[in-house]
Amino acid sequence: MGYLGRIWHGVATTAVGMKLTWRHFFTKPTTIQYPEEGAYFSPYERGLHEFEPDKCISCQLCAKACPVDCIEIVGPKLAVTKYEIDYAKCLFCGLCVDPCPVDCIHMGQQYDLTSFERVEGTKIDFVKGEGPWRTARTSAAPGAGLQREV
Amino acid sequence: MKDYIDGLWSKHAFLQDNLPVGLGYTTGILLACTAVLLLVSLFAGEIVWMERRIAGRIQARIGPNRVGPQGLLQFLADGLKLMAKEDIIPSGADRMVFLIAPYIVFAGAFAAFAAMPFGYGLVPADMNFGLFFMLSISSIEVVGVIMAGWASNSKWSILGTMREVAQMISYEMPLAISSLTVVVLAGTLNLTDIVQQQSGWIWSWWVFRSPATFVGFFIFFTAALAALKRAPFDLPEAESELVAGFHTEYTGFRFAIFFLAEYAGMFFFALLTSVLFFGGWHIGVPIDLSTGFGRALGFLVLFGKSAAFLSIMIWIRWSLPRYRVDKVMYLCYKVLLPWSVVAVVVAALQVLITGGR
Amino acid sequence: MTDATNPSAARGLPADPAPPADPVTALAARKLAERFPGAVVEQALSGRHPYLRIAGDRIVQVCTFLRDDPDLAMDCLHLVSGVDWPAKTPAEGPGSIDVVYHLVSYATRPDPAYRKAALKNDGFVVLKVRVPRDDPEVPSVMGVWVGADWHERETYDLLGVRFTGRPPLRRILLPEDWPGFPLRKDWDYPVEYHGIPIIPPEGR
Amino acid sequence: MSDAAPAARPAVVPPVTPGGMAAPGGMVAPATAPILEAADLERLVGQSLRTEELVINMGPQHPSTHGVLRVVIKTDGEVVTALQPHVGNLHRCAEKIGESLPYYQWLPYVDRMDYLAAINNEHGACIAIERLGGIEVPERAEYVRVILAEVQRIISHLMAVGVYGLDVGAITPFLHTFRERERGLDLLDHIAGGRLLYHVIRLGGVKRDLTPDWIDECHAFLEQIERRLPEYNALMLDNHIFQERTCRIGVIDRATAIAWGVTGPALRAAGVDWDCRRDAPYSIYDRFPFDVPVGVPGALPGVPGDCWRRHWVRVREIEQSVRIVRHALRELPPGSVQGKVPKTFKPPKGEVYLRVENPRGELAYYVVSEGADRPWRMRVRGPSFSNIAVITQVGVGTLIADLVALMGSLDIVLGEVDR
């Protein structure tokens, strides 16, 4: 391209680009006001675990299935005294949910692991309910649908 | 503004005889300067908000809308946050130069407003060589940036400064020459006179009055973008290459001063473009705007035009990638400079042939 | 370590008929046998992972030949990896490390017929060099493919295989003063590194 | 994001005497590669008035190194005269862990290697292990895997396309591509449960089947991609300034690319017509017709192998992936998505080497099994490992801005380089 050609090409492509951004200026933004408008939830979200102590038969299958051995179960069948997951090591991979014969361990919807106070340790004991980020969230209704095209 | 205060001063006998003669003049200047300083820094803050909102909408997001109604007080929040931030001075830094640099950049950006007409008669200091003064004062920024770059003892700052020097100095030329086209046709450097000559219908504005000034406008605007280190020419503080260019090591309020100076500079060039090329406070209909109410209307019209130019600058910034250093130089010396010289020659010929006016 | 068993035999089904030889590896073996007799110490031409075991000192000549030969044209060194085979019992001597070169050619297309039969998907030539475990030394192939540089540095870094005849070997992934070579089977975790305690995973 | 004082000082250079940039205190960073040989040092100290080369740490904390890559540059002004990349900051010994974990438990680690194309990693790992252990994968699972892999390729390329705009200075395309990418992430999140690290492809099939609701959403996502692609090109590929910054810059020609083992879009941009999905097909890719964009010299601006061409190849590949997903969605057979995998899966003794087309290049798994339930050696070839090595040769002699453009166009992920 000659000298004038480059100038013309520069101005023309700039104009094309700016026409596009002009059109974008008038389209509705796709972002949402996060805390007020809820974020999207997948029905199979792999967030913080949810555990029903009374159903657990302490068969250690989930502890064996965990790649990082971060589950610790103490206590006899149907009377588990301690079911502790160390969230410093947990990968949130969901391998502990599959082998459970009585389906007492699920991964919930709580993915936001921030907390306002400096809590010692990252272990949650689900039987006693101690530890950080303890929430009563249960799995979202399967109907939590997908975000529609904006 | 200052002679208005001067006149006010002379009416009151009590003030007249008790206080030294020159005081009226100096308080006039001081009042004018503080008014300009407050107005411009407030408006520079609003430009920050304007930029982030426009950029947001261009990028399909919302932009700041939490602090104050629709986010209008965002710049106050930013200012407070920056003030609260720790003020780090690098260990190897040349301390004194490091501390002074932001204030020199700030001074360069704000001193240029001294001769800028905000409306008919609303001129802090109505100089006869107004345009010449402004263009030369605003190049003090380069000195400030060099001091900042050298003093912070970081390799990124050094590279940022070298780019800054190369770019600012070379783009002063097309900037000055393209504004010369208007001066040649207008015959005066005094900005108020330049604007007064555009008081007729819309085609009496300089930009439409001759092909030279039409081309001159585009060159002036591009060169202004480069002189402000904005949009495709933001090489001195290119995030992706030089981390943050010359103000990499600056934190806290010192960084806020750089930030404010940049947006004040943006406001300055937007005002200058509308004053030089687009009829300042005239609205394209020949009515007399020198009366009290007309003056206020003129003030608003001038702000409207500069807001338009500011949004164009912002619009350009968010839709173009960044040039490389040698391409910026090529654009200056091979494209803008020759064409601006041609524009001045054409303007001169036009004056020769048609006797100007 | 020939790949004798095949999957269906492992599950008690009638063993597959002997899988066909991989054309590319067979061609390479034949050519190498002519040009460098004795270079190919051992070869396994069929199965899922056919390979040629090359004598250590001839590796550079073999690689140069494989790269320059028009119908093989192995112009890309895909991967250099080390596999640690420690001796089962101390009596067997120091054990060995296999340095495995995967060469691939972008000029030739893999043979679809062979691919269907042996589940091997493309025209690789795999060269293995066995080196003793206590003094693992292999001539570097950086002269043949310049891309081998980082692969060799990683193999040295993790397995301690020294490559001679190349710019000085330095560790690439681990810090310079990391004790020992982690991917060796008998590597024990240091107690701490520069004050940072290292907690070994509970072995299973 | 400031370059902290110790890192700013050159790695090994002892304090430079007067005349050079003062480095008081003589604190020397931990021993790393000797950048300045003794001769250089003598030359520097000897003279008083001289131009001195800057030794810059484009360190692990730099906006355009796409992760914790540290490149030590010796520059004369802005021209790079010597270049030494340092990797290893993100090394998590995935291969050592691979040797001590059963096969199915290692899959979450595979996601973390190339965390921007997690499903492609899983796809490769699962095929290699299934081939080693002879696991049969049902037909529908193969289709679901290809669909998920190609949607992941679109998402990964969107990331590459958007972030390259950042390296070159255009910030808006980055936000636009992420609008589409968010839509895709929600799509995969709906089936896998995670947004970035999915762990959805398991040994023998896929964790969860595609619901009709998901398929409609996928079609809508594909239409949105096709509608928005010309917009990215308007802002980037066809833009004059973008072409000034990328045409004829960082040229990796065919021979250099093959010699350094560069693969993927960078290799295709250099003019090599090779795509594992078509030329060495794995899984069921041979059933899907698609064409491979190759950077042959032609009407396109710039030369084959330059940064512009690599970006162009990625944009074209997004279109081809859309085509593959539509084809696969049309032919989705009924049936189960989980094959039979024995409880304690012990593959027979043997080895397998499988090459897979990851969005960044050819990802390969070399699995050696001794018949135990965990592999003897699990070796992974990350394409970015070789792709980034090439800047040692191609990066010398460029300006810093071009080096940034070059590294951005190679689209590397440090998780894959350091494993």
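Labels A, B, C and D are assigned to the chains in the order they are written; within every chain, residues are numbered from 1.
The definition used in the following text is that contacts are C-beta pairs under 8 Å (C-beta built on N, C-alpha and C of every residue); 3 or more make two chains touch, one makes a residue touch a chain.
Keep in mind that this is a model prediction, so the values were computed, not measured.
Asker: For the pairs A-D and C-D, output the one whose chains share more C-beta pairs in contact.
Answerer: Looking at A-D and C-D side by side, C-D shows more C-beta contacts.
Asker: If every chain is reduced to the average of its C-alpha atoms, which one ends up farthest from chain C?
Answerer: Result for max centroid distance from chain C is chain B.
Asker: Going by C-alpha centres, which chain is most central here?
Answerer: D
Asker: Whole-Å distance, chain C centre to chain D centre, using C-alpha means?
Answerer: That pair's centroid distance is 24 Å.
Asker: Give, as an integer number of Å, the spacing between the C-alpha centres of chain C and chain B.
Answerer: 66
Asker: Taking the mean of the CA coordinates per chain, how far is chain A from chain C in Å?
Answerer: Whole-Å distance between the two chain centres: 40.
Asker: Going through chain A residue by residue, note those that touch at least 2 other chains and give them in order.
Answerer: Each of 14, 17, 20-21, 24, 30 in chain A touches at least two other chains.
Asker: If you look at chain C, which of its residues touch at least two other chains?
Answerer: 201
Asker: What are the residues of chain B that contact at least two other chains?
Answerer: 58-61, 318-320
Asker: Which residues of chain D touch chain A once you look at their complex with the stated criterion?
Answerer: The touching residues are 101, 104-109, 172, 176, 179, 182-183, 186-187, 189-194, 197, 199, 207-208, 213-214, 217, 220, 224, 231, 234-235, 238-241.
Asker: Provide the residue numbers of chain D that touch chain B in the complex, in ascending order.
Answerer: Spelled out, the residues of chain D in touch with chain B are 1-3, 5, 8, 21-25, 54, 56, 62-64, 77-78, 165-172, 175-176, 179, 235-236, 239, 241-242, 244-245, 399-402, 404, 408.
Asker: For the complex, which residues does chain A have touching chain D?
Answerer: 6, 9-10, 12-14, 16-17, 20-21, 24, 30, 40, 42-46, 65-67, 91-95, 107, 145-147, 149
Asker: Can you check the complex and tell me which residues of chain A touch chain B?
Answerer: By the definition above, chain A touches chain B via 3, 7, 14, 17-18, 20-22, 24-27, 29-31, 33.
Asker: Per the contact definition, I'd like the list of chain D residues that touch chain C in the complex.
Answerer: 30-33, 87-88, 91, 93, 95-97, 99-100, 131-134, 258-262, 267, 272, 274, 276, 279-282, 347-355, 362, 364, 366, 368, 376-377, 379, 381, 385-386, 389-390, 393, 418-419
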